[in-house]
Structures are given as C-alpha cells and as structure tokens.
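Note sheet for the following structure.
Per-chain residue numbering starts at 1, and chain names A, B, C and D are given in the order in which the chains are listed.
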Amino acid sequence: MLGLSKKDLNLLFIVFVLTMCAPFILNPFPEGSAMAQFNAGYPDLMQRFVIFGIFAIGFNILFGLTGYLSFGHAAFLGVGSYSAVWMFKLLSMNVIPAIVLSVMVAGLFSVLIGYISLRRSGIYFSILTLAFAQMSFALAYSVLTPVTGGETGLQLALNDPRILDGAASSAGNIPVPGLFGLEMRDSTFLRLGDWVFTFNVGYYFSAVIMLLSFYLAIRIFRSPFGMMLRAIKSNQQRMNYTGLNPKPYTLAAFVISGMYAGLAGGLMAAMDPLAGAERMFWTASGEVVLMTILGGVGTLIGPVLGAGLIKYMENIISKINSEILHGWFAFMPDGIEDFMVAIVYPFIGKGWHLTLGIVFMLVVIFLPGGLVEGGQRIARMFRRKKTTQDNTPGTTEPAE
Amino acid sequence: MGILEVKNVGKRFGGLQALGDVNLSVAENSVHAIIGPNGAGKSTLLNCLVGKLIPDTGSVMFDGQSVLGRLPHEINQMGISRVFQTPEIFGDLTVLENMMIPCFAQRDGAFGLNAIADMMKDREIVDRALDMLDEMNMLDKREMHAASLSRGDKRRLEIGMCLSQRPRLLLLDEPTAGMARADTNNTIDLLKQIKDERDITIAIIEHDMHVVFSLAERITVLAQGTPLVEDTPDKIKGHPKVREAYLGEAA
Amino acid sequence: MSKTTFTRRGMLKTGAVTGAGLALPTYLSAAGHEGFTNAPTGGTVTLGFNVPQTGPYADEGADELRAYELAVEHLNGEGDGGMMNTFSSKALQGNGILGKKVEYVTGDTQTKSDAARASAKSMIEKDGAVMITGGSSSGVAVAVQALCQEAGIIFMAGLTHSNDTTGKDKRANGFRHFFNSYMSGAALAPVLANAYGTERRAYHLTADYNWGYTTEEAVKSSTEAMGWETVAAVKTPLTQTDFSSYIAPVLQSGADTLVLNHYGGNMVNSLTNAVQFGLRDKQVEGKDFQIIVPLYSRLMAKGAGANVKGIFGSTNWHWSLQDEGSKTFVKSFGTKYGFPPSQAAHTCYVQALLYADAVERAGSFAPCAVVDALEGFEFDGMGNGPTLYRADDHQCFKDVLVVKGKENPTSEFDLLEIVEVTPVDQVTYQPDHPQFAGGALGSCNNGA
Amino acid sequence: MDAIILQILNGLDKGSAYALIALGLTLIFGTLGVVNFAHGALFMIGAFCAVTLSRILTISHTIVDETQKDFLGNPLKVDVPYVYDWFGEATGNVIIDWAVPLSILFAIPVMILIGVIMERGLIKHFYKRPHADQILVTFGLAIVLQEVIKYFYGANPIPTPAPDAFRGSFDFGLMLGFDANQIIYPYWRLVYFAFAAVIIGAVFAFLQFTTFGMVVRAGMADRETVGLLGINIDKRFTIMFGLAAAVAGLAGVMYTPINSPNYHMGMDFLVLSFVVVVVGGMGSLPGAVLAGFLLGILESFASMGAVIDLLPGINQIIIYLVAIIILLTRPRGLMGRKGVMED
C-alpha cells in the first residue's frame, strides 16, 4: 500500500497513530496532580514537536544519507519563517500561500548556498554553511531590520495591507492565521474524569504535513536517489568511477532538506505569526544536529524522536522551579528534602542546559546510533530472552 | 587502430618527470598488460586515462574520442571502468545495492532525480544486479554489508560492479595486490572467464608476473616514465632489455 | 519548606466533572462562560513569570524572579506586605487577588523572542496563566506582548527600554512600567549640559539592533538640542565582545565625549575597553574626555567593576532612594534575600502589584476590565513618585533617575549614586512624538 | 594614515587572541586528529582560573564597623582579606592587584591537569571514531563545562582588572611624529600581544628544537609511521593535550582584564576560532597563527566608521565573508595540507 514495503508501512502507521493520538499520549497525568508538570499535551509544544520533527527529518536527508554535516541549516528555517510572515502581511492570513512561499524561498536560498558550499566537503563544507548562516543571522538582526524586524522579530501589524483579507479582523485586532476560515489556534477539549485533552487545529494541520513529509522521506530513503545519496556517503571515489556525478545528487539533497527546513519555518510562522532572527543563529543549527544525533542519524524515525526529546526538555524541564521541587520531595523529612532539592536543582529549571549537555554526551559516547539504537538494543535483549537461539548473523537491514 | 590510443603523453610533478613520452595502443578485445618496476609511472598513466590526472602533453583517445579534460564520471560513461588496487566499494551498503548502483548508472546516466520510486521494485535493475551477483557466485551474500566481505569477495564484487556497467574497456590496477595465492588464482580464473565470455578489452597494471603471463596477450614494459618495449608475453620473457630493467632483479 | 504548587487549569475547578464531553471550540483553556482566556474559577489564580533563566541575562532574570516571589508573598498576605503599605491605592487586602490565592509558574525566555513566546504560550496553554510578566530585553517584551494580545492575556512588561515597546509595537493588552530611551535622553541631557557644558562633540557607539537605534536617536536628539554636536555614530554587532577596534578611532575623530548605547554584556565590555584605552584620562582641546552610558543597571555596573566610577547614566529606580515606598521595598527584599534589589526587580515587583490592584479595582480578571482599570491610573508610593499609566500608549510616566558611578563604593551593591531625580514633566512627550510614531494599540482582547 | 596604523595595531592585538586559541586547536587536531569543540570552554576555564585566584586572594573574615550602616540600616559588615592580616594592607593590596599575572602560575598546573583528565577520560576513546562524533561529544562537553561554571559563578560578567601599573595607554603617535592622542594603545593589550608572541614562539621552539617536538611534528605529518616506530604515542598525545589546554587557558587568563569573563565567552570564541583554523588550513600551525592575525586585522578594518558607511553591515559579516572567499579560492585554507578532513 502507498508504494511502501510492509515494514515501512508499519513504521508509517505507528507514526500516524502516535501523532494523531498525541493529545492523549502526551497528557498521561490528570490535571492538578503533581505529575501534571510533565504533561506535554498542550498545543504549542505539540506543534513544536511535529514542526521540529519536519526540520530534523529534512536535515537527516542531507546529513544522514550523504554525510554532509551542514552547520547552517537554521538559516533556511529562518528564511521560511520570514517569507511566511511577509505573506501574512501582504496577501492573506491563509496559511497555504504562506507555506508554499516559504518552501519556495527556502528552496531558492538553498540552491544558492548549496551550490557554493558543496564545492567543498568535510569540515570545509560545514564551515561554509556555518558562515552563510551566521551572515544571514547577523544581517537579519541588524542592517536588514526593515525586512526582518531585527531584534524584535518580524510581526504582523494592524496597518498591513493584506490584500485579500483586509488589515484588521472585525473586532479591530490583527487577524490570526487560518485555513479557509479554520483558525490555527482553535482548540477543542475533551474531558475524561480528571483528564483534559486538547485538540488543536494548528497541531493537526502540522501533524498532517509532518506525516506527508515523513512519507516522502520514506520514499526518498527507498528510492534509487536515496541509495545514491548513501553511496556518496560511503564512497565518493567509487561513485565517480561508476559514471555517477555526485555533485547534482548532493545539491539535490541539500535543496530538498533546505525545503523541508523552509516548510518547518513556514509552519512555525503559521502557528505563531512572528519570525525572530535568533532562529538563524548557529546554535539553532546546532540544535537540529543534536536532534538528529540524539534520535539516530540516517534512521527514519530517529530525528523525530530526537526533536521531541529536546523540545520536551526545553519546554518542560526548564519550567520546573525550586518550589515545585520542594513540592515533590515534601513527603520527606525536612533535612532530606532540602538535600534532595539541592541535588536535583542544578539539573532542572535554569539548569536544563546542563542536563541536555550530559544526556547528549552520554548518547554520543554509549549510543552512537542514538535513541533508535537504544531501542534496538532493548528489543534485541528481549528477543534474545524469548528465542534461545537467533542465528541470523550479519543480516543488516537498510536504515529505517 | 586500437580502442585506446595514448600518444606522446607526458606528466610532470614539480621536478619529477613521472611520464616522459608514452605511446600506447590497446587493441580491441585484447588483454594488454602494463608492467614496470616501482615508480615507473604505471599508476600515473592509469590516472591520466580515467580523468583523475590531466597530462601536461599528448593525447588520450578512446574509441576515436579524446578523454582529456573530461571528469572521471564522464569518462566512465564513455565505457571505461576501473578496478582499484584496494577494492573501492560502497562499504555501508548491501552487496545487492552495490551491484544495483552501476546498473542504474549504466541505464539512467550520470544523474537521475528518481526520488519517489521504490528501487527494489525496479525489476529490470534488480534482475540485472542479481544476475551479475550470480555470475560472481555471490548471490547468497546479497544482503550482507559490503564492508564485511572478505578481501577476495570485495574484489569480485568490484569487478562485478564494473562489468555490470557493460564497459568496453576494463582497467585493472594491480587487482591481486595483497592477496593470498588462492585468492589470486581465483581472480585470474575470473578474469580469464570474463575475457572468454565477453566482448571486452582489458588493460591491466600488474606487479605479479604470474598474473601477467597467465592473462596478457600483449605487454608494455614501462621504466622511468617511458615505454621500454611492447610485445607478446613470450617475446617479453626473453627480451634482454626487460631482463635488465625489470625481470633481472626479480630473478 | 513544604509548600506545594500545582499548576492546573482553572476550568477543572468548576467541580467534579464526570463523564466525557466535548467542549465547544475555544481558544486555549478558557472557560467559555466567563468570556475571557484562562478565567480563574477555583480558589487560586495563576500568574506567569517569564524571565531569562539561561543566557547572558540570567542573573538579571534571577533577580526578577526573586521580586515576583516576594510580590506573591505580599499579595497572599505573607511577609511584611512591602510596598502594599505605601501604595496609594488601598484596594489590595493581602488575601490574594479578588480573594483568590496567587500561585505562579515560571518560564525561561533565554532572551530570545522565539523561546520567550514558547514559554509564554506554555504558561498560557498548559498552566492557565491569566497574566504574563517579566523579561529583560525589548525584543522579548515586544514579542511576548504581541502574543498576549492575540491570546487575550494581560502582559506586564519587565525590563524593556526601547521606545518601540510602547511606540510602534504597542498593544492594548500590554503595559510598561519601566522608562524608555526617550526618557533617558530627556533626563540625561540637562544634567550633562550642567556637568560638561553645552559645547561637546559626542561620538556614539550603538548596538546594531532596535533598542540601540531608539536609544541613539533619543540621546542624540536631546543632546543636540542643548548644543552638542554628534561627530559620528558607529553601529557595533550584537555578538561583538572586543570593542577595541571601535574605541580606538574615537580620539582621532576629535570627539570629547563617548556615548555607549549598549546594554548588558555589550555595555560591560565596551565600557571596560574604553576605560582601558585611558580615554577618561585624556583631554581634548582643554576638556576632560567623558563617557556616558544612557541605560545603567546595577548588575552591569557590577560586571564593569571600577570602570563605572564617575560615569553618568540613567536608571529607572535605585535602592538608595529615600522615599517611603523604596525604603519599604528594599527592607523587605533585603531581609528576605540579604542584598538590595536591582531596578529590574523593582519594576517587576511593581508591575505585579499594579496588576493585582487593577484586578481588585476592576473586580474582574477579564483583560478588558484590567485594561480599563490601568489606563489613566494615577498612583504613588511605589518608589518613583506620582506616576501615571497613560491611556494612549500604556506607558508609565514618572520621575527618572540620573545616576553616576560611585567613586568610593562601600559594598558590591553600592556602585551608583543618584545625581538627580528628573521630574516627570521633563520626560513627558506627546503620544504622537516622532520617536514613537507608527503602530496602534488596537483594542483590548479578552480572548476566548 | 594614523587611522590605518591604529587598526593594524588593533588587528594584531585581536589577532593574537585568535591565534592563541587557534594554535591550541591546531595542536590538538594536528597531533591527535581530534576536532575539539570544547576548546573554547578551555579558554573560558582559563579565564575563570584568574577569577578564582583573585577570589582566593580576597578570602576574608568579616568585621562589623559600627560607624557605617548598610542598606538596611544595620551596622556595616566589612570584609577584610586575610592577606591584609598577613602582609599588611599595602602589600596585601599589591598582591590582590597582581592577581591576574599571578594566575598564570596558578593556571598552568590547573589547565594541564584538566587537559590530561579530558584526554584520558574522554577524548582518548574517540580517536577512532568519526570526526562528526568527536565534534559532537566535545560540543556536549563544552555545554556541560560552561553550565558548571555558570552554576558556580553566575551569568554576570566578573570584573578582573589588570594591575594598576598597566592601566592607561601608550601613545605611539608621539613616537611616530603624529599629534598626541592620535595613536594610543592600552598597555595591557600590548602586554597581551607580547605574551601571545612569547607563547607562540615557545610552542614553535618546543616543537622545533626538542626531541619530543620532533616526534610530535613527525606524528603530525604521518601518524601511522610514528606509531609503527614503536614510540609511545599515547603518552605524548596526553602531554600534547595538556599543553594545548594550557595554551588555551593562558590565553584566557591574560584576556580577563580586556573583557570581564563570563560563562559563555568560550562559545563566543568557538565559532570564530574554528573559522580561523579552517582559514589557516586544518592542521597547519603557522597557518593558524597567520589566519588569526589576518582575520584580526581585517575585522579591525571593517569596523572603521568610513568602511561601515560605505558597506553597511560589513563589520557583522567580514570574518565569514573572508572565510568563504578563502575556502573557495584555496580549497585547503591558506596553508593546509592535502587530504586533511576532507571526508
């Protein structure tokens, strides 16, 4: 079905179920319980999960398949966001033209940067992409302020033209992005006992796009084109002497992944119509590298998992403050409570960067294949227990 | 007129004249060996043929067309395949995928943006690859990672990959270097079989005289960047100049 | 230390909800019948404190958070009540806000507009915060303010000094207590004229982003009005750490005054570099070379160390003020934390109280009611003298402090001394002043 | 003319910081083949060695001064450093004043120790791993190190002034026949430049004239062969890492009076120093130094008012622009060797 093998279809189905049921899965704890702190099922974070999932999937098409480590991918995301916001300002609050434009602009931008950067490989390529992205950031933050909004970011204003919709909504406020009348921020709530589940239009819109992107990524991975990209990573010399020209392949991969980034940027703007220059800073590019590595480079599902993990830490762990900690350990005697708080405190709240750094190091050291490898190891452990003898050595499957 | 015509090729690296004035003609459907002591310029010559190096002087014609100034993949698309001294294969890919890539290259050209179709559903390519693996006696290893093959299997795979492109000229750069005797003999048998079964020209650079004399129909002896003699194996064996320059030290 | 803070949505507290039911489509977790976003329905109300906890302004953010915690204590009737005792409005009873106990959630802005909006959204969507406050840069303030406008939440800005926050980027749901670039320029100019004369040649180094632009413009126009000449204005990149190449040419230009339109780490570094170059020991045509830092903060002064001595700047508030409000605040903050509050802490504390008071007076948490209560509100006893929350742009008008780096500090907090308290009239401007042109408040948004 | 001389001076000074950091990076890369993203963090830790020493020197006991009041109206508590008690206030002040130069002595053993621990504990296990893994694990380490520093020292910059003797600036203009105040340059920055020159010279001399250095240079040229010669490379690698850490640390110590150190100064320099190393050519020590000075000078020129007026924003991007141009015209940087880091 859908032109996929059974295994891929299963994977796609799992991702489909996960994204569609995310409002349930991410809200496992009842409202009001102490554990509700760990609930992540609110629209903004769910949107971020899938949007950064798209970004990471796209990045993985370049890095995971060809091995070219771009350290400037955030620039495409930023460009996508700016294009989308400009579309909202000038044309219409409908998200479709905005997203289409952001993908196109990011595509053009990546053709330009890719064409130049791909003249070099290895770390030289990384530095070239980094240099382009840093230039984009620096200019967007300063001299390009009229186009990008500079420090405060590009945002909508009451007096924007918005040719198709008119400047202001009926209530006299700035209109919000929507899809033919369906506002991205609309939500529906489902109450089940103490649990409240939120179903947000924007989230489902992004989730559908994420599924499509994921599906496309599977197709690319399994296509002759995808195999050529893996061949480039494996041995460029042989590639050349097999009558294949690696340059257009890598450029195409670069542009495809740039367009994914632009799509993510456009979606971000569609969910929240403001584009800030920090989106293009090199640490933002570093973040998508972290996501991909954490999840598992070159695997299909890994980048999505990595994106989820990092965004979860950024948004949930960082919000735990000392008072909440005291709440958790309140059942302990006072001395031990303070001691526990003192131990845990450096790692949560404002210390979430520390936790991120440690988790990241542990993954790189012990799980070079990322979370996916971790999952496989656990699965293998179970399998080994079940079947006493498993004699399929060396059967390595293509990346999943 | 041979399929490969090398005329007056010279190449200089700084102060070193790697190739002096090389003239070489490889006849179609023959096996032509190029031998010579270390530093004789064999590899430089080979690199000039495949586009990795561009000679300073002279011309290289393949089938009536100049190869000079063309990129390696363009030269390959003209019908020249190269086997490396250490097997160059796609280590991270499976054996079957390794074999499919040259099939795609041969059918679809240097670049194809076929990003949607499932490669495993391309029956034509898969069948061709499987046939070639069968021919190489590697069908049972098709799901293995190429990097985990033995040295001899890697060599077979590489030769198979080159053949599946249906090249007109196969260049072999010391194909048995570093191989155990048994593997060497297997490779010789394989090459003999290829020569017998296909319309193909083979040019081989080799150190191992056993290999050269088992396979070659003509031999060019290279010394200090210039061809010393060119003749049939029997004549070369007895040639005084060759003995002096090359075989003498081996004997 | 065994308090528990739950974060929960108000809507659940309407009682035991049994069975399953699909609510009508609404934005965020608003209780539809209340008619505004995150209407608190139980015995508590949740405020969102969105401050930088990571990144270069983390220390400032930590101080803001301390002030908020103190304000929450006071609002809930714990502690000594702080400025609630000196505040001219007596609506607050120390029993929470409208009888609801105040709880809070915190978020990390990272001093990035994206991250700040993400954490504000999470506080609104997940934790049901009815008001967002805090922040330590104008980029963040403008971004979060726009978000709150869309969501139907009140935003009480923290430290934000750019004209744009209540100028071209103003929003009906957003309020700023802190002063702005224009006020700095207007307050500084007469003091500078007094101290350094009216014939000066100024050289500006300006951080290359919005806040830098507005500050440069404000200081330039008010000093030029006094007769100063601007020799040059050079933009410096935000990411610059070593300013030597910008400072080296200053003397060559013939300037005798250097204005550093920098904040935070930029300011610490550029001032340190300028002093290193010995600029302050130089004389240009008989005049001592002078350096001016339009916006001062104590934390920055601390970072620059001895380099701030004798350097003029402006600040929103300083702990050495001797009015009753300031003294009470310093006392309760100092008693709790052991050191005096910064101006960021002060503005955040005041904003929290002002919001609570407005809700009390309005009798409702509904944003539009709060906006009504705050617009045109006049108050006193909060440390800056009589203050007006102007209805036209939601900017507070109050006295501005001109300060100078202290020559002989007695402690690590005693770095600035107040030179003059510029009266409010002198820093007031028309709402349509060119430096604030463009943009419109729009109408208040209740969300839901 | 005077403006140009001034910016060249400036560039040399800026460049000396870049060159020192890039030198350490290149030492590690050239010998160990490891791309160390935590190198900026080492620079930062060096700077905090100076902060730590000045804190140690000012460890105090508290006396209550009844004559003064603190901000709450209580009697003022005055901290009196122990050094005052031991050496008297005058000598004590001099010692505290010279904290930064003294920190050099303190930083060398500390940095070598940190370097050795890093190499033995972590980097060693990554020699055989791909460059991408090395980048990533050291990047993670850099985050951890800077967060740890932030936890103990806060996010605010901490002023660490130079000794009084080095305050103020030197007037080159007078020497060259210009008017007074036309070309002035701070003493401490001149000290920094001289210090950088000495360190760079010392590193080169060490590599050039000692047997150890010879082996290391041979190792940089051809690692495998040296390994085959049966020379204990492991031990030397550890020492080299310690040395590179010390170079980065010293660069940090001496930098503290120029800019008050904060926890993210390492990251601020990291990207820049990588650009420097790559522009110089991966693995080339002279290349790193040359590129450091070159980029320093170009950056200085780009920050001149006249240049910015002509090309707005050029000061924001000059470094990256130069990096791009050099990498496109000279594929391996200014002095890079073939085949390094191209896969």
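Keep in mind that, in the parts below, contacts are C-beta pairs under 8 Å (C-beta built on N, C-alpha and C of every residue); 3 or more make two chains touch, one makes a residue touch a chain.
All figures in this text were calculated on a predicted structure; none of them were measured in a lab.
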item	value
Chain whose averaged C-alpha position falls nearest the assembly-wide average	A
Cα-centroid distance, subunit A relative to subunit B, in whole angstrom	46
Gap in Å, rounded to a whole number, between the CA centres of subunit D and subunit A	35
Interchain centroid distance [CA atoms averaged], subunit B/subunit C, Å	74
Whole-Å gap between the CA centroids of subunit A and subunit C	33
Interface hub residues of subunit C, defined as touching at least two other chains	54, 58, 208, 235, 237, 239
Per-residue multi-chain contacts in subunit B, two or more chains	none
Two or more partner chains touched - positions in subunit D	312-313, 316
Chain pairs that touch, as defined at the top of this document	A-B, A-C, A-D, C-D
Sites on subunit B touched by subunit A in the complex	50, 71-74, 76-77, 81-82, 84, 88-94, 97, 100-102, 104-106, 108-122, 125, 143-145, 148, 161, 165
Subunit A partner contacts - residues on subunit D that touch it in the complex	35, 122, 125, 129, 131-133, 135-137, 139-144, 147-148, 151, 267, 271, 274-275, 278, 282, 312-313, 316-317, 320-321, 323-324, 327-328, 331-333, 341-343
Contacting residues of subunit D [partner subunit C, same complex]	2-3, 6-7, 9-11, 13-14, 17, 68, 70-72, 76, 150, 154-159, 161-162, 167-169, 181-186, 188-189, 257-260, 262, 264-265, 268-269, 299-300, 303-305, 308, 312-313, 315-316
Residues of subunit C that touch subunit D when the two form their complex	54-60, 208, 232, 234-237, 239, 241-242, 244-246, 248-249, 251-253, 265, 268-269, 272-273, 276-278, 281-282, 284, 299, 302-307, 319-320, 330-331, 334-335, 340, 410-411, 413-414
Partner subunit A, residues of subunit C touching it in the complex	1-9, 11-12, 17-18, 20-29, 53-54, 58, 62, 65, 105-108, 112-115, 117-119, 121-123, 125-126, 137-139, 142-143, 146-147, 149-150, 162, 164, 169, 208-211, 213, 235, 237-239, 439-440, 442-443, 445
